[in-house]
Each structure stands twice: as structure tokens, then as C-alpha cells.
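Before anything else, here is the set of structures, which you'll find just below.
The following pair of complexes shares a single chain, chain A, combined with chain B in the former and chain C in the latter.
Let's look at the complex of A and B:
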């Protein structure tokens, strides 16, 4: 539990900075941030899942987070250049992955709960 | 069970895990709150999710870019034409008279920018101190009265902010702003007029004249004294191709 304190503080700092800085998104770029947020959410849940399964690797996690978000936004950008709505593809793909990760996390948590109750 | 000895002995790994989670959490929080803030303000993030709206807005932006490029080219060509014509004027000859008439017609039509002596007067909204909002706003008829007074006093060219007043330019109220021709203008309204500056200033300063009427009536409008200047610039009339004032709507 103590390990979670610093990341939670980081989350709060990020939230506070984003709320304090008054950025108005130009409409052309707002779609890319949406896709990037989806990719980031997917990576975060993937990280939680990996942590629960004891196979969390900080290097994989960090590179995955940044490359996923940037690639998702870049793909959406290329799609907009070509007139192909790749944001939709990203929303579907990352949505499916997020729900898969959530299901995996739920399974892990339920199995963990079982062990102490049996003791 | 397995976790506690491993994390206890492997302090560097643990630090790396915490560090990576912290970085990711901070960046993620930043992204989420920027997006949330934008949505809460009714910004672009709401519309970007709708493919129709975002594609139409992208097309609008592209058309605006093309229009601006065309306008830049047009003004370059116009500059060339004017230079050639003043060259022809200087050489004299049979075409000089026609050129001179053409130039006069251009000035009257408002299709060329002018510089010359004139007056500048600025009208700003008053500070709202009572319940009656309409009293403290600058209205279309306020601007019309000043513009009409200037033309009656013999002004050659009049503009409000960046809008040149031509024979076809209407000035009327569209809610919180004033529409002058194709442009939507907001306060402060800077009215520039080219002509005999002392006559123009005297016409505006008439006791009980237009500016006195604006200053009175307990309206709280800020009306500057007409400044006589040796050189002011009145812009050319611009047909509406893109928004002239303010920033693009998100």
C-alpha cells in the first residue's frame, strides 16, 4: 500500500497542473488527445494487471505508455490526413483491450481474496 | 507471501517500479485533466468525438487557408496594378485622365486603403453599474450618427475598426456586437475619418452635437476627444471571405 502513495501523489499533481493551466484545445488536435487518453488508460490497466500477476516490468511499462499514446495519436493524425477515420479504429481496439484488462484484474483480485479466506 | 521478501531485498527494483508508476500517473493525470477542463468549458473536446463536426471543421479550416492565400495573392496583384497606374499617371498622356478618374472612383468605392490627414475618435462601452445593460453598450445607431456626421462634414473615407464604410456598408445591431458591412465588431470602436481634420473635429465637437449626445444621457460611454492627425490610415473595403475579427470559434 505504501508503494501506491507516491504514484497517487503524482496523479494528483498531474490533475492539478492540467486544471490550473488554461489550455484550450484546437478542434483539430482535440481528437488526438482523446485517442491518446484511451491508449494511456489501456496501458495503465495493463500495468495494474501485470503487477497483480507479478510480472510487472517498469521498462516495458514506461516505454509502452509513451509509445502507445504517441502512436495512437500519430495514427489518428495520419488517418485524418488520408481521410480515413482511424480514431474510430483506435477507440474500438483500445476499448476492447481495456475491458479485457479489467476482466483480468478482476480475476486476479478474486483469486487473491480466496487465499486468505481459506487460511 | 512471495512478494514481501522480494520487494524488501530488491530496493532498486522497487524504486524503479514506484518511479515508473509516478511518471505514468502524473502524465496520465495531466492528459485527463486537460481534456476534462476543455470539456467542462464546452471546448473542442466535445465536438472532436463527433466525426461530422470535426470533419466539417477541418474542411472549413482548409477552405479558410485557401481563401487567405488567394487574398494575399489578390492584394499583391492589386498593389502591382496600383503601382503601374501611378506610373502611367506620372508619364501623362491620353490615359492619365482616365486613370485619375479611376483612382477617384476607387477612393469613393472604398476598394483601396487611404492615408491622409483626418481625425480619430474612440467609443468604448461604459462600465455597467445599474440593471439596465442596454444603456451602457455602444449601439449601432451611436456609430451611425458619428459616421453620418463625419460624411456630412466632408470626410472622404471613414472606417470603424478594420471595416471601411462604403456606399453599400450597413451598420446594424446583431445582439452583443455591431455588424458593419460584413464584419462583426466589438468595442472599443475606433472611428477614423480622412478629410479636412479641423472641419471634421469641429463638426464632432459641436456643442450638443453627436459626441455630446453620446457622452450625455447618463450612459457612461467613454468617448475620446476627436484627435486631429496629420496621417491616418483607413483600410480598404474587404469582402467577406473569412472571419475578420476575433479568434476562430473552437
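Let's look at the complex of A and C:
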């Protein structure tokens, strides 16, 4: 139960802080921010999947989150410098991973729910 | 899950929430719209600048008009002061203001000590007073009054016989400015005292009055305690008006 409450609570706190901050981001930075969010979501879903499989490692989770986020944003930035839309590559890669993680989570959740009913 | 894992999960969630919150602060105004807004504001600025010239010229014209009005007002003020000064001068000349200065005061009164002229029953006092006034004016008198009645250009001195019950030769009534004045008569005249007295002596008016049983006393005032009151009678204009007005 705590595993579900803690992320939701953290998300709400982060949303409140992010919306309360009085900054105005130019449209040019929107792509970097979007890719960074996508990478962060991928890491979160990967962490949830690992937690369900009882192999969650906080060090891997934290390093994966920040490295993926920063690397995704950096990749988008480099792509804009090179004139290649590398944002698309990041979106595809993270999108595939997110769906895979979601599928794994779904399977884990369904198996867990089946086990008590089978017993 | 261990507490460390929960802390890591919480930190990542907070960071993700912040990233999502920042998404709301992205300025998603289209570039075209921004450019259009820039163009419209630029046009508005140009229009305002063009209007500034017009307003500046209108302001300058208003300033010039204000200066002109102030100048005219100044002229009118100066003219008003001149008119008031002229009015005071004219009132002084017309005898509408009291005057004071050096002069003579003449007292004419019946004197029973003087020898009686047989058969003298009346004296035309108005004519006698007119003679005195004429002599004084000939000597440069600037203001004359008889028993407090100021003589002006429209003044009259006339005798009305038969109105007095007195038995002496001063049996008539003299009207000055239409107002009755009774003997003894006191004539106040402002002017050079010596010249006024000299003309009275030269004309021998005193002797003439003495013959008519009237004492004729002249007092000289060289430093000016003589005060002649203002004319308070009616002014022309009630019935007579200037032609063309």
C-alpha cells in the first residue's frame, strides 16, 4: 500500500511546487522538457515493475532516473544543434520501454490477483 | 520495500511532478501570433507617434492662443485702470468729489450798524452772489460753494422773492442748485488766497455790499483748511440724453 501512496504523494507535491514556481519557459525549451518527462516516466514505470518483481534497487532507480532524464534532454539539444530531430528517436525508444514496462506491470498485477482466487 | 527505496521513490516522484508542473509554464503562444502582435503594436506605436506631432502642434496653437488672450487681458486691465483714472479726474472736474486746499472764506451778513438806505426794501441777493462767484472764478478759484452747495457747470443761483417773512432787505430766498440757502451767506473758494482777496478788493465788492447794509468779511486760508463739499444734486441725463447714444 505504501508503495502506491508514496509516489502519488510525491507527484502531487512536485506538481504543486512546479506550478507554484513563477517562471516563464519559452516554447524552444518545451521539447527538452517533454523528452525529459518521458524519460522520467520510463524510469518510474521501470522502478514499479522492478518493485513488483522484488528486485527493486534504489541506486539503480535513482541513477537511471537522473541519467535517463538528463541524457534525453541532452540528446534533444544535440539533435537541434545538428539539425536532426533526435527527439523523435528518444520518444520512440522511451515509448517502447514504457509500454513494455506497463505490460510487465499489468502481468504482475494480474498474476498476483489470480493467485489468491486460485488458492 | 525498504525505507531507502521509499525515499528514492518519493524523490523521483517529486522531481517528476516538478517537471510536469513546469510544463504549465511553457509559453505556447504561436510565433505567427506573436509576430502579428508585434506588428500590430508597432503600427499602434507609429500611429501614436504620428498623433504626437498633431497633438504637439495643437498644444503649441493652444499656447499661442493663451498668450494672445493673456496679452489682450493685460491690455484690458491697463485700459480699465486708465478708464478709472479718467473717471476720477472727470469726477473731480465735474465737482462730484469734495476738495480741500488753500483759499478764502467770505461771510456776507445783514449788519444793522451800517447806515440805512432810505427806501431799500429788497436786495437781489442772487445777482450779488453771482457777482462774487464770477469774480472769484475770474481770479482762478477751482472750487466754490455757497452755504455748502457746491457750484458746478450746471449750477444755478437765483432769487425767489416773497418767500421770506423777514422784514429786512434780505427778504428773499436764494436757491443754489435748486436748494434754498438762507443768509448769512458763506462762500468758500479754493484757489490762491491772495489773488482771490485781491480781485474782491479790486472789484470793490465789499463796499457795494456795505452800501446794501451787508457786512462783507473775507478770511484768508493760506495752508488749506478750506474744504468744499461734493456736488450732490441731480446730474443731467435723466431726461436729456446724448444724441446717437
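Observations
The criterion applied here is as follows: the second predicted complex is superposed on the first by the 113 of 119 C-alpha atoms of A that agree within 3 Å, B and C clash if a C-alpha of one lies under 4 Å from a C-alpha of the other, contacts with A are read in each partner's own complex, and residues count from 1 in each chain.
Keep in mind that, in the parts below, contacts are C-beta pairs under 8 Å (C-beta built on N, C-alpha and C of every residue); 3 or more make two chains touch, one makes a residue touch a chain.
These numbers come from a predicted model, not from an experiment.
When the shared chain is aligned, chain B comes close enough to touch A:85, but chain C does not. The contact surfaces that chain B and chain C form on chain A in the two complexes overlap at residues 3, 6-19, 21, 23-27, 29-30, 33-34, 36-37, 40-41, 43-44, 47, 51, 56, 58, 61-62, 65, 69.
Across the complex, chain A is touched by residues 2-3, 7, 13-14, 16-38, 41, 43-45, 47-49, 51, 53-54, 57-58, 61, 250 of chain B.
Within the complex formed with chain C, the residues of chain A that make contact are 2-3, 6-21, 23-27, 29-30, 33-34, 36-37, 40-41, 43-44, 47, 51, 56, 58, 61-62, 65, 69. Across the complex, chain A meets chain B through its residues 3-4, 6-19, 21-31, 33-34, 36-37, 40-41, 43-44, 47, 51, 54, 56, 58-59, 61-62, 65-66, 69, 80, 85, 87-88.
For chain C in complex with chain A, the residues that touch the partner chain are 1-2, 4-29, 31.
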